[in-house]
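In the two complexes below, chain A is the common chain; its partner is chain B in one and chain C in the other.
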Partner chain A sequence: MSMAPIAQAPVTGRRRRSPLPYTWQRGYLLASPALLVMLAILIYPLGYSFIMSFFRWDLSGSAPFIGTGNYTDELLGRQFNQALRNQTIFSVVSITIEVVAGMAIAVLVNGKLRGMRLARTLLLVPPMIAPAVVGLNFRWLFNTQYGLVDALLRIFNLPDIPWLTHPAWALISVIVADVWQNTPLMVLLFLAGLQSLPQEPLEAATVDGATPWQRFWHIVLPLMRPVIMIALMLRIIDTFRTFDVVWLMTQGGPGGATNLLTVYSYLLAFQAVDFGHAAAVSYIALGMSLFVLGLLYGVPWLIAKRRAI
Partner chain B sequence: MSGNLSRRKFLAASAAVTAGSLAAPWVARADAKEITALLITGGPLYPKYWEKIVQDFTAKTGIKVRYDLLEFTPLTAKVVTLSAARSSQYDVYSTHTAQIDSYFNHFAPLNSYFSDAELADFYPVAVKYLRDPKTGNLAAIPRNMDARVQYYRSDIYQEKGLKPAETWEELVDVGLKLTGNGHYGLVVPGQGDPAQRTFSDLLWQAGGDWVDQANKPAFNSEAGIKALTFYRDLIQKHKIVPPDAVGYQWNENSTEFSSGTVYATFDWPGAFATLSNPETSRVVGKWSTAPYVRDKAAISCAISHAMALNGQSGRKEAAVEFIKYTVSTDAQRLQFDQFTNFPSSQSLAKEVIAAAKGPQATWLQQLETTIANGKEWPKLAGFSKVCTLMFSAIEQALSDQASPADSLNQAAKEAEETMRRAGAYD
Partner chain C sequence: MTEAVIVGARSVPKRRRRRFTAAIAGQYLALVLTVALTVFPLVWLFLTSIRSSADIFSVPVHIIPETATLTQYVAVFAQYDTMGYVWNTVIVSVATVVLVHLLAIPCAYALSRFRMPGAMLIFGLLLIMRMIPVIALAIPLFAVFAAMGLLDTIWALILSHTAAKLPVAIWLLLGFIQDVPKEIEEAAQSDGAGTVRTLVQIVAPLIAPGIGASAVITFLFTWNDLLLALTLTSSKAAQTLPVGLTNFVSQYGIDWGAMSAAGVLMVIPTLVFVWFAQGLLVKGLTTGAVRG
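And then the complex of A and B:
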């Protein structure tokens, strides 16, 4: 084996004291510049902002330690709770629509129908567009005076909808933009999953007289479970990071009606110049997304473990 | 040369690169004949303006200026970030009255660099709100004034036999007569900082103020509620303002007027140049200016773009020379000629007004009156955070989510707690 000569290389007394084999030391040494860069640009700011979330950090000169003050202020605060409510609605509704619609479209384009090749290609377009561009486009589409959507409504003698200026419609509008951009990504993921499914169980079910719905519900869906879990994980992480689309469409307005946790955190940091509270909000959001992901993976694991016992 | 990279060579090269990177800022800082600046831009002419200012300054003093340009919002975000990091990357910052209270501990005081006579030439309202009320330190020096007047479509007004509104009541009356067929009588912004500015003007005009004698929130007074009710009614009841204005900031506000959709607005000095330029306006030659409307009082905001010295700068003397040059008569005159930016120097403003003719002279006089009577919200500790509360409160009232009284009372309660926590009452 190629490892043998290195293992037989003479080692100094100093090297012998190291708990790591010589090859590991060399590996770490060569990787150290990259690791240092990672530490500097990723771990250090993360750790620093976590520490600062326990300080009053607002550019006022001193930054006293206030324990969990920033966290309790926010958890009991009206604006944070409004942002949390918006975030929950936004994440649950958009992920549900994206996953359900994504699966339905994937099943459809997986068939050997005419034009499906073109459909699959077109599905690549929305995820390729930068979220900032999507936000700007939807801002204009939903403009009451000049927007295409209200212009179409007027053609059918329907009343104008205040898409971005009414609190409920504004939240619906940002969900629509998010669904438009991310459903195709779900379709592509599910399509890849569907195309890698074993055909034998499906053929056997067909022979046994199962309907298409029974084949989908009892065979395809259980087999697709790992892909669905990955899709859910990606979307949960993504919705907790959503910023650009909402910022460009509504800046969190009107009156905080579309303030997600990221937008609220940004406003705290760059408008209120209150980094302590902004960091606390970011870590609460991180904690929440980790908790949801934990539930997503932990609950099925526990159920499986209990069944095994 | 051998092509093999030994561990020793690799480590030596890595060490050299790291040492070079770490030492570079100190090496650069050692050169006192070169300073760095983060400057504001906006529109195609601004880069040329700064290029000329920097060239002239270097020719005069021998000090080189390396500078970066950013528009207002990203500039503000960058200054916040650099201040939080206590960065010495830039010696000089462009700044503004709006958020100056956040930087009182990060910008070096300029008091000692300007004599009393020099400071007396600047508009008092500009200097007053760039000072830290606790220490009296001057955090920045005004470069040009920002105040608003009324811009209206003189052709349409003449056709319909209307005069520009002088009072709140007239604003509604005139607006109602002009609204229809896809056009609106007025546009006001309704989101974020622009919404707060508009409310602020109406609050002062109604006879109210942001805080009382004890610096406790007073914007939820009867005057405040009247102001916010009037503001909301322009959009929701009288419908003389486009419904989407609830989501408008300054750009959308200006565009509605320059595109010809709306017949009146209140805009900043830069609008005079923008509306006169066929490339940026469809209403060239069809508009005129009038004073801002009034209610009990004729007050609106008078703020300024300003220049500040980074407290972390290692080249303060050279940096101050540059700051002084940017607010000099020559620089301010050039700024006025290029962008019609109103000078912060009172003596220069008088000269400019005296030399102006026709509509420009009228407009400059209207602006000067606004500035002379102008105000700004208080620069108390924690007030930047109060602003974010106000954005939400005003937007909630404008979009009919809550009554003006409920929005303001809730915001006042939270504002007092915010300012108390920030040390405004210590």
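And then the complex of A and C:
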């Protein structure tokens, strides 16, 4: 990700050439349309719902202030905790599978193979198609009566699996759909990372008689750390806002077994018409993803700092 | 395919020819398996969309369709009137791409070139905006647009997508503008070009690949969006194709054939961009990287 240095310090000495155009007033003039749109349609609504998450907000007209009532209701409530549990399982399991499988596949196919270009093109398709279509398609594949997956199981004389109707299986099904859609993106990301690795340390290790596994574990993996961090960050942000796949596959059911935080929040707002609780849940989701990202970047930083002392 | 050229350029003639070893066979096996698993579910969606309804609901499942037919596609348009959804989706996506870039290009230019006080705050906000769960935005937008009487209009969708996609687009374009050497702009300015002219005639053409990348990303993520459209629209006047997919489920039971055909229609823009603009897509994904 190009978090390139922002507005690098200009080469001084040449500044006299352009005293007129690069003034900050002009800068703000140019930036203001975009800033105003974001202020009006992003920041204002977000601030509004954050404030309203401390009110009883059900569109009925009167909205009394109830302090942290919405938050405590949810944090202590059964349905929220079910959604939180589902979210945790969903995020941990799907991110782990996606990153580990993505890395394994990338390492395996990294090389001068024929057809690699075509393979890359095809791998780009799942991450870029609508999650709604992915959900729909897996709902069809997992259909107990006419679906392909159970049909294949029957060929091998295995029992049918109630993919979308049994609580535990339903969560697994949603994870399978997410893994199918996002693992290819991880493969592409890691392949790009592998191909920009410096060759010298690897060759040196080979000369010193390191096994492939030792080379991967002690050289490739540490060098790939920045790419892995980006991959983790992307997936953490994304899993905490997953909605479409679940909505098309199960709508959060059966019995709330696939309610992720976003799905639960949507149901609160637009089925229970309880906007205050819904807003509170959406902010808890945001807080959690910020917290996890903080851990992801903070813990290694703390360890490094410790070592430095 | 230009494989041969690349291989020739890379592998210095240490070994004449790589022997076809078990290791390489394993690599090919991994590649083929990965690609097969990636492609197969989509092939199955396509196969379902060209089956007759009797074939779809046959037990045991036929892997190969008995006959190929377009009846499901006909039904999608004739029976479910999908054309309206398609139009809404096209209009919303195209309008969003245009608006986002009219706003984002000057903004990114200003942020990277002009020494604006408060720029760091703006960067911080842009980063956080990219992480906001869409539902946190959809809830208040519903209330705001309801108050403005904009609910269930195309405008509600265009405005909210434009705002939601701006942070990613600005972020993406920033990287490209910083790669433009400042001297070129300064030369133009000393020749008397104003700020706007410099931006339009000098900078914009130089960052064309960046604009292309962010346009493709913005288009596809808008095209694919379900949550905002589901929240802000309620009738065929403004509903988009992803919402149309959910309507197949709730209103009519589940018509799997027509639904698969609609799903295939939804995937077409992705396939087109992946095939013809793969470079732009990869650039957009690796630089802007977050779904918005």
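Keep in mind that, in the parts below, the second predicted complex is superposed on the first by the 281 of 309 C-alpha atoms of A that agree within 3 Å, B and C clash if a C-alpha of one lies under 4 Å from a C-alpha of the other, contacts with A are read in each partner's own complex, and residues count from 1 in each chain.
Here, contacts are C-beta pairs under 8 Å (C-beta built on N, C-alpha and C of every residue); 3 or more make two chains touch, one makes a residue touch a chain.
On a predicted model such as this, the values are computed, not experimentally measured, just so you know.
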When chain B and chain C are modelled together on chain A, clash or fit: clash
Chain B versus chain C as contact partner of A:Ile230, first or second or both or neither: second
Which of chain B and chain C A:Gly115 touches, first, second, both or neither: second
First (chain B), second (chain C), both or neither touched by A:Gln145: both
Chain B versus chain C as contact partner of A:Ala269, first or second or both or neither: both
More chain A residues in contact [chain B versus chain C]: C
Which superposed partner A:Arg26 touches (first chain B, second chain C, both, neither): both
Where chain C runs into chain B (options 146-154, 164-172, 182-190 or 218-226): 146-154
Common ground on chain A, meaning residues reached by chain C in one complex and by chain B in the other: 26, 29-30, 33, 59, 143, 145, 269-270, 275
Residue ranges of chain C touching chain A (in the complex, touch as defined): 1, 3, 6-7, 10-11, 18, 24, 26-28, 30-31, 34-35, 37-39, 41-42, 44-45, 48, 56-61, 63, 102-104, 106-107, 109-117, 119-120, 122-123, 125, 129-144, 146, 159-160, 162-164, 166-167, 170, 174-175, 178, 182, 186, 189-190, 194-195, 198-199, 220, 223-224, 226-227, 230-231, 242, 245-246, 249, 256, 259-260, 263, 266-267, 270-271, 273-275, 278, 281-282, 285-287, 289-291
Touching residues (chain side chain A, partner chain C) in the complex: 1-2, 4-8, 10, 14, 17-18, 20-24, 26-31, 33-35, 37-38, 40-46, 48-49, 52, 59, 105, 108-109, 111-133, 136-138, 140-141, 143, 145-148, 151, 154, 180, 184-185, 187-189, 192, 230, 234, 237-238, 240-241, 243-244, 247-248, 261-262, 265-266, 269-270, 275, 278-279, 282-283, 285-286, 289-290, 293
Chain A - residues contacting chain B, complex: 26, 29-30, 33, 56-61, 78-79, 143-145, 160, 162, 164-167, 250-251, 253-257, 259, 267-275
Residues of chain B touching chain A in the complex: 7, 10-11, 14, 76-77, 80, 83-84, 99, 102-103, 105-106, 182, 190-192, 242-244, 246-247, 261, 381-382, 384-385, 387-389, 391-399, 401-402, 407, 410, 414, 421-423
